[in-house]
Amino acid sequence: MSVDLSVKVSAIRLRNPVLVASGTFGYGEEYADHIDVRKLGGIVTKSISLHPRPGNPPPRIAETPCGMLNAIGLANVGVHRFIEEKLPFLRSLDVPIIVNIACSTVSEYAEVAAILSECDGLAGIEINISCPNVEREGMAFGSDPSTAHTVVAAVRQATHLPVIAKLTPNVTDIVTIAQSVVDAGADAISLINTLVGMSIDINSRRPKLANITGGLSGPAIRPVALALVWKIVRLGTVPVIGVGGITTTEDALEFFIAGATAIQIGTGNFVDPRTPLRIIEELKTFLEEEGLESISELIGSLTIEP
Amino acid sequence: MSVDLSVKVSAIRLRNPVLVASGTFGYGEEYADHIDVRKLGGIVTKSISLHPRPGNPPPRIAETPCGMLNAIGLANVGVHRFIEEKLPFLRSLDVPIIVNIACSTVSEYAEVAAILSECDGLAGIEINISCPNVEREGMAFGSDPSTAHTVVAAVRQATHLPVIAKLTPNVTDIVTIAQSVVDAGADAISLINTLVGMSIDINSRRPKLANITGGLSGPAIRPVALALVWKIVRLGTVPVIGVGGITTTEDALEFFIAGATAIQIGTGNFVDPRTPLRIIEELKTFLEEEGLESISELIGSLTIEP
Amino acid sequence: MPIHTCHILSHERLSGDVYRLKFVSEPICRGAQPGQFVHIRADVQSDPLLPRPFSIHDIDREVMGVEILFQVVGSGTRILSSKRKGESIEVLGPLGRGFGVDHERRISVLVAGGIGLAPFPFLIKRLRESGHSVFVLAGWKTVEEIVGLERIESSGASVDVATEDGRRGSCGTVTKLLNTRLRAGDFGSESEIGLYACGPGAMLATVAHMARQYNVPCQVSLEERMACGVGACYGCAVLAADRENACPEYKLVCKDGPVFDMNEVCLK
Amino acid sequence: MPIHTCHILSHERLSGDVYRLKFVSEPICRGAQPGQFVHIRADVQSDPLLPRPFSIHDIDREVMGVEILFQVVGSGTRILSSKRKGESIEVLGPLGRGFGVDHERRISVLVAGGIGLAPFPFLIKRLRESGHSVFVLAGWKTVEEIVGLERIESSGASVDVATEDGRRGSCGTVTKLLNTRLRAGDFGSESEIGLYACGPGAMLATVAHMARQYNVPCQVSLEERMACGVGACYGCAVLAADRENACPEYKLVCKDGPVFDMNEVCLK
């Protein structure tokens, strides 16, 4: 008998717990020539907003030690073109599709969620609450428990789909934020989004990103992601999806052992597009070798007493 | 004529702007057999508390991608043994000595500062406000503007020495914290202390650190440090000392260009104890090649318009 | 094409910091178009983390070999330069949109600035197969930097060199040389000419400017920092043409390019 | 001693995952004591970031060579294993406190578990120079893992092997072998014996237990994760003896050790 990799993230059933992270896998089609995307546990789309967004001027990316900075600026086709142009392909894959949404006002979040609710074949909505709130001096929605609550509650009201709140690590107290999004009706929490970072070209004495600062991702941030995932898992409220710096099966195992129900691969796709599929295969081998029948036996198996 | 590397961090005059960071250079003597410590711009001591502290159980360190986690637990000899056993050697070096202090109550901070003020030959006090506040559920002093203000004000009152407030990056809004420590009388700000991180041994399914979480340092965190330094520099209040992931001269230059008046090398000492001295030498070469006469011409020379 | 592990057939240093590396890849050999690129990780190390993009320099069907010509500029290219024959690299590709062979214009003029010469041997082969006459204008700052020219010279293209130090070929930039040649009508009738350019951004902008002046079409190969290489991350954006004052619109170098018609993008 | 760049004189794979590497360092050759260690960075790469500690295996004054014997267990040792003769490594050392040669006890019994054999060739030399008779008991799990024994055998020490699979020497652990030999009085008078042990923590605890039983002194070489290697970071702490129930006190493996008297530290 083969091992069971399936998990349930609230109402979302996944054949395996390895998803690809928002913004790193486009709309699924971009990698379709390169790997068998049908084998993924799920696809989280690039953040979608109400209207199309061109994104930031280049340069948009810079490499840093064991990581990268990006300031894409949430470039996306907007929810209407997404549904017309991108969703049919995604739906054809028979893989759970989670649409990530990112907006600049609360009502836009609700509107996009409502529009998506009309579509067939979506597994859930992931709310990127790390975006700047234009109504509050550009402060990220996710950096304050009450604005985070407002956004999640508005989306929750607008849709019957499972709602995942994606948290930003750039906060003093992630526990309060997590509690407030759960209170607002989030079915699951994913974390972490990128850390704020910066890099300077010493020859031109200019920032390496046109946007000056950007989001740090990749293996460099994995310890930060793991610490926050573990903190939220311990609340024992909703399932947690771990994201941040996962490029190998060992990395993925750290998150499962810490208690993540599923994981997302972001920058790891750029490093090697085979990363998620390789992790899926190697997870099976690991479980077999450990004599475990299902991934759920591994999830949360961290021993912390000496 | 040779280039001028000297800087003034508030009232602290440094022959060169390259210091070694607290907790990574012991009490100076440990590296004295390995490099010429007299050439350093300054030495920041291991955090000193009122009473000796044994520190945390091992394992205390773990390596992560381009970084490391530590949970030393502020092991130190206490202020009295520091003055008797460690200070004489440090004083003999003719290098600016900055004593870093870390306590668990506000009154302890003030007491340690007062005791140190009685000593000759100190250049300043750096306040590690990342420590858990035992009077407030172990929340770090530095994660809240008002407790940060209280600690810095107490130290400010207790000493005539220049006071540097060392900020933690694990906060939502570092600007408010910076403003409050400046209001409380800090003469300069150093940042960043470590990020909270975690790592798990997948074979034993235990945290790699006995303390479960630890502080992430090294090149991995450099983009985060640089972004925060730049943010605080732009406030234009007090001089800023940049710390975080600096291991090469290029790294150091990023911080100077962003506006840091001085830098500290932490984990870079472990990677190669020659790091700070090499950076001092190479800074001279760089300035010469750029046709600059002093480091101050470089500091804050970032161009941000397109 | 999935990313695959490729065996290194040969690796030579051609000059101070320029190397030519040949690896085996049947799928790339069969599927590649001139102007496309490959995304290479020299190792499975995690610093540097991301693959690095390189134009396909040439292909050798006999041994299913793919060549790149590259210059060491940072840690990724330094590590790549240390790889030896017999070792392997991780390669994703062929990627992007290559040069289109303009069958209406059978006089092809290729303009290269420095390492911008990299994609031309493969392109020349294809152009010659299609019966084009091919002129290559290649420019370098100093004579010492000249590299990779024999391959071009032996390809049946006629080659003209410009150096800014004037120690070989015409003195000055390659765009100055192009201007001279176009003005003199050295290549033949303007209505027959198609321009193909690869090199630094400023050079491409100048070439495009001349192309407009002489009313000849021009394809340019662009570079931008890349992460995914496949159009998924939106990292490698360049401003679309005529968008500077309107709401900006971007093209992706990895997917919409790296080769663009000069009128598609904003060059500067 | 400052960190210095050292040329690799030789590098051989002795078995599946164990290598012996020899590099030139006059200062280490002249200054080192048996049981001290060197802190090595295989490269100037930043992943892995930190140097890795290795016991000094042997020194060769004729060529000013220093040897380490190491097992590949992770990325640091893997990268070290890929270094070739003629390349160089960065070395900080000699570091720490080595074995003390006990001149009152001239029968030295060295107990090694697996790769714990590493520091013994150098120690045997020193003990033999001081006129000691040296017995080495070395244990491995399986016969396939046995490595580095010829060096010991040719050093003038008498060698006894234990394997847990029983396919060479006595069957069982090396501590069982030690117990048998001590009980039989094979080494000579207990008042003449000094024990020196290096290997896994559990083995060291058992050896120390026996040493107490037979009332012989025992030095143990410990391992702990290290950052600085010089006592500056407080990273490599081990619990001091008899402190388990009192306020804990720690020793630093890099500065107070790696060799400790069994009574200084808490072994388990």
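Note that the chains are named A, B, C and D in the order they appear, and that numbering of residues resets to 1 at the start of each chain.
Convention: a contact is a pair of C-beta atoms (placed from the backbone, for glycine too) under 8 Å apart; a residue touches a chain by one contact, two chains touch by 3 or more.
Just so we're clear, the structure is a prediction, and the values are computed from it rather than from any experiment.
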| item | value |
| --- | --- |
| Longest centre-to-centre distance from chain D, chain (CA-based) | C |
| Inter-chain centre distance, chain A versus chain D - centres from mean C-alpha coordinates, in Å | 47 |
| Separation of mean Cα positions, chain C and chain A [Å, integer] | 36 |
| Rounded Å distance, chain A centre to chain B centre (Cα mean) | 33 |
| Multi-chain contact sites of chain B, meaning residues that touch two or more partners | 57, 65-67, 218-219 |
| Chain C, residues touching no fewer than two other chains | 46-47 |
| Topology of the chain contact graph, where touching chains are joined (line, ring, star, complete, other) | complete |
| Residue ranges of chain D in contact with chain C within the complex | 45-47 |
| Touching residues on chain B, where the partner in the complex is chain A | 57, 64-67, 69, 143-144, 170-173, 195-200, 202, 204-207, 210, 212-213, 216, 218-224, 226-228, 230, 245, 250, 253-254, 257-258, 301-304, 306 |
| Contact footprint of chain C on chain B as seen in their complex | 65-66 |
| Chain A-touching residues of chain C, taken from the complex the two chains share | 1-3, 41, 46-51, 90, 92, 224-239, 247-250, 255 |
| Parts of chain B lying in touch with chain D, wherever the complex brings them together | 23-26, 30-31, 33-35, 46, 54-63, 65-68, 70, 72, 75, 218-219, 247, 267, 269-274 |
